[in-house]
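The data blocks that follow each hold one structure.
Each of the two complexes below includes subunit A, the first together with subunit B, the second together with subunit C.
Take a look at the complex of A and B:
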């Protein structure tokens, strides 16, 4: 079994760090400390951290902060960032107005 | 290979699996939860967040009503995570005679169960929601309905159950159940691990069908793909759930973004299945169209994300919940048919009560597994 698939591994006490107040996800204003706390609550994947706190759910959809979030989670769990699966990208590529999206016409 | 033992083995870590784990731990039962993907991968995280009693089948209504009355209001304190539950009502919009008849039918079912639901017409509709288009001529209004955040609610149950000592294993794909001395007792996984418990709860959505087939059980469920759109955050406009008889449903979240879901019903003919979780090309456009027609004020809002999920359709519209008469040791929750989020915690509590050998707080006799069994037997007798 991969280490991260056992959700009961002991991460120890959460030790405050000097830069815990730094904002990692600028769109949703999520700090490093909040992400670290979420990992200690049992959120071991990018998707779970995102669903709980919203980093990567804002206007840029994680294009800016994904790497930082991933590194923070990996460091907290004591694994390589490569072991943390990246967030899923979803359409649309750019924000698009509801009235434009809903006005599709069949081409000739 | 390893053998792990607990009082209760739960397959599936969604809102039902995780709330069952939470209630089992509160009763002092040891719990192992097995999840094939990550926490809440299925419909628990992929739904519109409606905590709705109106428009439900009378057979499953008691579970939804129990959850609204006894569970949802206290969850924030119980879990230590905010599920953003708001009981601000549900407005369902229609614009023709057929829609009106549909709403009147829902009112009849609601009234029989003692839920207040009224038919609104003309200007009364705009009084509840000033953003609704004037072409909406009739609407059903249920003040006791509401909404919640599926993501934090599901993860909140997981977090609390884990704190209380439930053992979670992710990416642990169950391939087989095993019967030992006449009772379902063992769970075998793809990685070759074995889990043993005196009660096995199967709350794995439609994938549960393949799991229970290994001990000769079957429930007629099939997956159906639906899409959801998310808008950018907007200033607060209205705080109740809204839906249309044209099929869309959604609400404005605490965060300010709007969430709306719908489907055209053409997914299967176009080759969209739940094993490929792609957003379809046409559903999001269809949602935007139906929402824009009923709530024109939302037209300038930008869509920032679309996602898809699947509904575990049960052929008769309600899930199978509870024990199987002829096969002890297995407790089922399968086939929520797209409305399993609101009653989810109540289902979890019911499953935990059954696992602990207690009388259930809610009557689930109409959701029994045997309702399909009888049908096949009678065919055999009279064919």
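Take a look at the complex of A and C:
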């Protein structure tokens, strides 16, 4: 079994790191420490971390921070970042106001 | 719903080229871009492009953008600006676009993704402070809005973006304190590094940014040396007095739209759609061109866009198969020329010891950004002789040959393989026209008269700074590393329209400085 699929693995105590306070997701102001904690709480995928903390749900939709969130999760789990599946891309590409989203105009 | 034969997403070099190619075959084209202005990054590229004539070499990027835009408009391409593509749907071949007030859907028989890339950020202590920004953002401020990003700048990253933007910062009057890179060698073209180095900017390799200082905005930077695992070495930290930190550590393809369609993706410095030789993804009718399908540069993006549109035109019967094959093979060979040389994909990450000619590659250039005086005589462009003659300080195999076309007197030869080093032909007579000096996108050509009598020499150099010095003005000759090494007198300043704003400066220096003085600084220092 790949380490990633085993939800029962013990990641051990979370050891504070010097740069835990650094913001990783600028848009939603989420720190490295918060992401590490989420992994230790059992969030092993980008999607889970995103649902808990919202990195990648702000203005840039993860274009900036995704790779770092992914690297942090991978490091905590001791796997290659390539084993961590990226966030699912889905519309809308950019944050959009509902009144704009709802105001559909037919193209001629 | 409005239907186009071709929808192009992104109006940068790849997208504009794709739109032009498709429209030229009679297809209806809708070109969508989320920005207020078309051109992608082209309109802020004020430097002369590399390549050969067919790649629009020695033309400044923004002029290429103007040309493409005019051509697209002439061909009836419908350009939708401030139009963000929110979603893309297959097999309906549909996109949904928001203009900030409403959303509208369009469909296209073919959709070409040319969304480009975004700048990589690096998280470090203080990276969210005002004053830390992408190098590309700084370039936008300077070249599109006429605003200096700061006064004293630290550039993080020595790839071509860091080097080109670094030079433009100096041109705009900023003080570039240093260019640092975690790698042990300079990542971009040696000629780009050399033109920065000769103004006196130091390169600090194997260095990283540790911290941005300041509470409200950047008031300083702390950098440190890194070990072989790119980790800061304790005790090597040092403070730099800067107010702006620019990040030029690569680009990530903006491939989310591709991913949304469900087409096959792969990892290549970020996710990119898997494409065939024509740029077609695993979904029929969906193409990708330019940085979105793998980071390259504008010249290859333009050809990539053309190829994708050409393939779409052939698929839908807008061109005959034989016409398609002919055009495709022309574009492909043009593309291959750009993908050769020591910076080609297959050489990435390698440290080459010798050039294609078997000459040792300058390690000083890779480590410090300038050629060592001991090294200069080993290259075919740097010959010493009587009378005025070109000295071509081009020592890396990069795809570029405008110097060869610029000289009408046969003094400079590159040959058919445009990555070869230029050769200064000692038998041809230099007429001192200055065309090669102005044409070289790397600003690496000098005209030198090693002995003009009275123990003096004359050095002619490219000069892209304003205000221009006046004839007769006295200042200093600067070495390749930017040190004031001798007094210099301005003998001549030429600004012919054909030089396209590159002034050709001739300075008089002591004879022994003929092969050492490579830049001029007026005595009035600011």
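Methods note: the second predicted complex is superposed on the first by the 99 of 108 C-alpha atoms of A that agree within 3 Å, B and C clash if a C-alpha of one lies under 4 Å from a C-alpha of the other, contacts with A are read in each partner's own complex, and residues count from 1 in each chain.
Here, a contact is a pair of C-beta atoms (placed from the backbone, for glycine too) under 8 Å apart; a residue touches a chain by one contact, two chains touch by 3 or more.
The shown structure was predicted, so the numbers you read here are calculated from the model rather than taken from an experiment.
Participant: Report clash or fit for the pair subunit B and subunit C bound to subunit A in the combined superposed model.
Facilitator: By the criteria stated at the top, subunit C and subunit B fit after superposition, with no clash.
Participant: Check whether A:104 is in contact with subunit B, with subunit C, with both or with neither, and answer first, second, both or neither.
Facilitator: both
Participant: Let me test your reading of the model: by the given contact rule, A:82 touches which partner, first (subunit B), second (subunit C), both or neither?
Facilitator: second
Participant: In the overlaid three-chain picture, which partner chain does A:7 touch, first (subunit B) or second (subunit C), both, or neither?
Facilitator: In the superposed model, A:7 contacts subunit B only, not subunit C.
Participant: So in the superposed three-chain picture, is A:92 touching just subunit B, just subunit C, both, or none of them (first/second/both/neither)?
Facilitator: both
Participant: Answer with first, second, both or neither: which of subunit B and subunit C does A:64 touch in the superposed model?
Facilitator: second
Participant: Quick check for you: in the superposed arrangement, does A:47 touch first (subunit B), second (subunit C), both or neither?
Facilitator: A:47: touches subunit B, not subunit C.
Participant: Using the superposed model, determine the angle subunit B, subunit A, subunit C defined by their C-alpha centres, to the nearest 10 degrees.
Facilitator: 140
Participant: Once you lay one complex on the other using chain A, what is the shortest C-alpha distance from subunit B to subunit C, in Å?
Facilitator: The answer for the closest subunit B-subunit C C-alpha pair is 7 Å.
Participant: Does any part of subunit A touch subunit B in one structure and subunit C in the other, and if so which residues?
Facilitator: Shared contact residues on subunit A (touching subunit B in one complex, subunit C in the other): 61, 90-92, 96, 101, 103-104.
Participant: Applying the document's contact rule, which stretches of subunit A touch subunit B when the two form their complex?
Facilitator: Interface residues on subunit A, with respect to subunit B: 1-2, 4-8, 41-45, 47-48, 51-52, 54, 57-59, 61, 90-92, 95-99, 101-104.
Participant: If you look only at subunit A, which of its residues touch subunit C in the complex?
Facilitator: Going by the criterion above, the answer is residues 19, 21-24, 26, 32, 60-61, 63-65, 67-68, 82, 86, 89-94, 96, 100-101, 103-108.
Participant: Can you list the residues on subunit B that touch subunit A in the complex?
Facilitator: Contacts found on subunit B: 38-40, 45, 81, 151-152, 155, 158-159, 162, 167-172, 191, 193, 229, 231-232, 255, 279, 282, 284-292, 298-307.
Participant: Mind pulling up the subunit C residues that touch subunit A in the complex?
Facilitator: That would be residues 1-2, 34, 84-88, 96, 98, 100-106, 118, 120-121, 123-125, 127-128, 252, 254, 256-257, 259-260, 267, 270-271 of subunit C.
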